[in-house]
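Two complexes, one shared chain (subunit A), two partners (subunit B, subunit C).
For the complex of A and B:
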């Protein structure tokens, strides 16, 4: 049913891309709770990977493993190996701060800083010294806001607080903020959950555009969205990775009965 | 009947009203409480309220109104001729009241009957001696008219008390019966209870507000009184403070205000950075066990009585600063100094700043921190660029509260900075503050009539205005902070 031309087309160029992140045998515990079990995933460069699955199955948890955001949760423990460009990101010598600059993240709940819209977007470029002059910074801010489809709404109120925006605008602000840092991998946790169809289409366009240079991982509850934007899809269920493969394959010809019942709406 | 006894009786009536009302409501529906509008307890409560509240209110009003009314009535019995040379009607009336109070004791001591008392005349028996025997010492012999007035006073007071007893108990009973008869299954007793709870809460807040208003008004009136005796311009602009109890004093607030602000400034310069950094460490870096130990330890500082800090200033910090800083630098030889008081006060203020700031920093949502970490910021970048700006208004609030504390502090200043009013920039010199001078102007037995004592109220009012201003700013800032995350 979802097997349209775009999916066919995309699968072709995929063989040329290489593995960006490779996770093996990942386990995550919150105290006693075993939230992620035995997950093996390869995230390809210049590819959009979608994580789908019922609420509470561990999509956000696994996503947070990929840039070590779980370090900020004291009770959280991660086991297994996750390689970024062949380097173990959980190695003692790796600086999580450096890692997060390379692997950016858009959170499930919009979390703008209590600063102006401009300062929100300029935050990452400033701390990483990406702009040499004010004009360059202005450029980065404008470009990022345009990419996140927020420019037309925000351009006249750049000095107003980001917390004063609507929920959907805040989410796009967070996307702009993440894009401004130019990460190699962008993790997006339900980036469109508060957006209207137009803004959603714009964000999807952005994701498609980002794919040219970066690798994108997106968590979504919308099957249509996963089918539209991603080339690879991973289906999680109760903390395990049930099925992982070409998006077209997963949606047209799922191997596991659980995947099939989920995408046809029978569990979730 | 004494007031306590009346209270007990009213209470007993109200409680029986509760029990009976509860039982009546249950009986009316044959024990099936689902048919009642409210739970049976609420019906009992409504009877209790009808019995107790009006009766107690009447009693309160009566006790407030009766004395002035009786006074007025009795005062009319005393003619100008009865007032001795150099005395006044007020003084005579206070004698009347004291005699009236003593009459009962006198009757008991002398074995007098009621009739005998009425027959007694101040003209031909020594009332003054008789009253003296039961402990009522009077300044002069009792005149006839005054004694008669005292008897009338006693009678009126007794009659009033009897009438009050009857009225209050009668009202309690009426209220109880009224409430009892009102009970019906559809009667909304629960709402009555709700209203009465609200009334109680309003009353309580009224007490707090009225007290504040009362304090401010009394300060204001006494200060006006002061400014009638001493020119306000001198008070605010004279640069010397030199009270003379013989008169002709210089009462300029400026040196005191300067001392107050200087000491507070030193205290804050010390307390704010230390407290703030302690708060940041506790909120952002410390592990759970460290925090569990360190936070209460810091807060213990807030529990130390200021007099103990004063001792610390007097015997440790003062001599230390003098011997190692002031004397070698040639800045002074006094162990009491602005620096001593300021430092010790700063130590006292650390927990105020740190504890409040810690709460404010913790109130910054974790999601905002995550957002910053997610962009590859380090912990200190996150604190400096996201958390502190977000928490800034709350932190400013904490600092302003600490400042009000510093401005109002007395004990540490007396023991650390001395009591000499001086205008100087040298922090190693002894100075003093407004609060210290308020205390020293009021100790010693002078009456509140001279500008030297009344100035205390003007000083108090000025201090109040300064701290009130700071508190208003603090509240405003804190409120603004709350809006950010709501």
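For the complex of A and C:
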């Protein structure tokens, strides 16, 4: 039963999975600028969804809507509905802090805390009370660092500052920090843009592993990466969602001419 | 005459230049840079010169205040004059006034001079006794009342020499000036010289200047900074306790939580304006609000501290907000992204990173408050206080002085000996400021090491 096509290998049976996040008619404004228009998207559970598109098309903006990180930008306004497990995350009763514990995020630029590597990873579990003892916390830290492919490099310097790591190591530390809180959805904004091919492969490995339990949304500028890790791909252009579908479909048989010209390298 | 041949078309003035020759543009730039550097060095030179002048003038005027001329004499505390009732009852002994003690001192000094063979020919008893400070009888009286068992004994009593004699040994008073001076005669100065030679008089370090209370106009030799230092210390403690939490809380709210709207803009503008309000205005406010309206006592450190807190708050708020603002937003996103609340984000991540800046701002604010004079004059801290305030917290309500006000106070007095003491007080003030700055640097280092 070995197939050599990785795209197909990693495709899941879509009927088996349910919708985790459902976005309808989402509009985002930065002051007067209309950054995201009329986006409808369904993000499935236990699936990797890739957002691709030219720079400035609104991928990060839309990603930030999914865990309400846009709340922290005063001029940003979000309209439309986004449901997580059928509940409107923009409902007045929703505490964004609770939401963000369930929808974790890895940012485009590595942003470790200026604390030790250990404390970086342990911070989330600590504030959410995930570990009952020091030993449990140690376990979580080790497991998270292993998943982020950083354990071998970091295990001897856990008490050293996370800001003293290289850029790529910092990004993996941020991934470890995000997975340590066991989110249901992990939003990753270009997690591999600062990584070498080996670390990239490890992170992709991790993403594939996370897919077993979680739903992962990844923004990427690498077509190959989108093709390798995702089952669903969304193509954004100038703030609109142009095309959304099976990754294999998008890359082999795009419906929209803009998608085609982007993936063949003619726009972007 | 051979010009180097240029081959091909000229493309700009750099075209044929070698790197080994400096072209005109670069030379001009280098000259401008050298000029700018020399301006900078000149500016620093002026600043250093001003500092050196300030420090030397203060030190040369003020160091003398830490040394004082003392008379060390043997005195028999006769029971019949000091304890006429003979009961040893302290209340009865209190009836003997300083005049009684003064007489005792006079006879003791004359006897002492005689026994050591110091000639006093032609001098009246009053002249001889005039060598002692007017403070001496009170000093002796306090000593005896504190320890009545001394009565009947012969003790070695150390007291201040009068300010003029002290000035003579420090070079402020000369024989010529003594001729014209109604407070001292050349004969007294000559006697002082003889006494010093025989060890009856000596010049030494004066702890009383640091720990003693202020003294009246006529007794510069006995005037000390004790109450002023204590008052300033009380005020600094209160200002720190009041201004730091209020200032930091206000800054955190304004910077991290407050919505951006017209109200917060208005508050922001007002805080910036408050920082520029002349300090005397705060004094008037304090007088009206804390003393006249709230009925707090005059001259009390608590009122001074409240006024100085109002004055220091804008400085602390501005410094704290600036250091909160300088914490990169990515740290906030990171914390929020793992599900930390706004408050956890601020207290776990933002505040520790802003701490060095906050501490520096606070200590700069405190240093300003320490040197502030005008508002304290208005709330009565200029009053003449002889009694030490008690220990905190009650002591915060007792009348006290403050270092800068004491300086101002002493410069107003007629006796030139007070000029020296004012400079000495400035040295103490500067030492306080230096200590505070060192504390700021140490704290900064400590917090910065936590990256």
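Keep in mind that, in the parts below, the second predicted complex is superposed on the first by the 257 of 268 C-alpha atoms of A that agree within 3 Å, B and C clash if a C-alpha of one lies under 4 Å from a C-alpha of the other, contacts with A are read in each partner's own complex, and residues count from 1 in each chain.
We adopt the following convention: a residue touches a chain if its C-beta (ideal position, glycine included) is under 8 Å from a C-beta of that chain, and two chains touch if they have at least 3 such contacts.
This structure is a prediction, so every number in the text was calculated from the model and none was measured.
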Check subunit A with both subunit B and subunit C modelled on it and let me know: fit or clash. clash
Taking the superposition as given, does A:197 touch the first partner, subunit B, the second, subunit C, both, or neither? neither
A:86 in the overlay: touching subunit B, subunit C, both, or neither? Say first, second, both or neither. neither
Who does A:265 touch here: subunit B (first), subunit C (second), both, or neither? neither
Name the contact category of A:181: first (subunit B only), second (subunit C only), both, or neither. both
One more residue to check, A:124. First (subunit B), second (subunit C), both or neither? both
Answer with first, second, both or neither: which of subunit B and subunit C does A:69 touch in the superposed model? both
After superposing on chain A, which stretch of subunit B overlaps subunit C: 22-30, 58-66, 76-84 or 184-192? 184-192
Jot down the residues of subunit A that show up as touching in both complexes, subunit B in one and subunit C in the other. 67, 69, 72, 74, 97-98, 100-102, 104-105, 107, 109, 111-115, 123-124, 127-128, 163, 174, 177-178, 181
In the complex, subunit A touches subunit B at residues 67, 69, 72, 74, 97-102, 104-105, 107, 109, 111-115, 123-124, 127-128, 163, 174, 177-178, 181
Which positions of subunit B touch subunit A when the two form their complex? 288, 365-378, 381, 385-386, 389-390, 484-485
Spell out the part of subunit C that touches subunit A in their complex, as residue ranges. 259-260, 328, 330-342, 344, 348-349, 353, 451
In the complex, go through subunit A and note every residue touching subunit C. 67, 69, 72, 74, 97-98, 100-102, 104-105, 107, 109, 111-115, 123-124, 127-128, 161, 163, 174, 177-178, 180-181
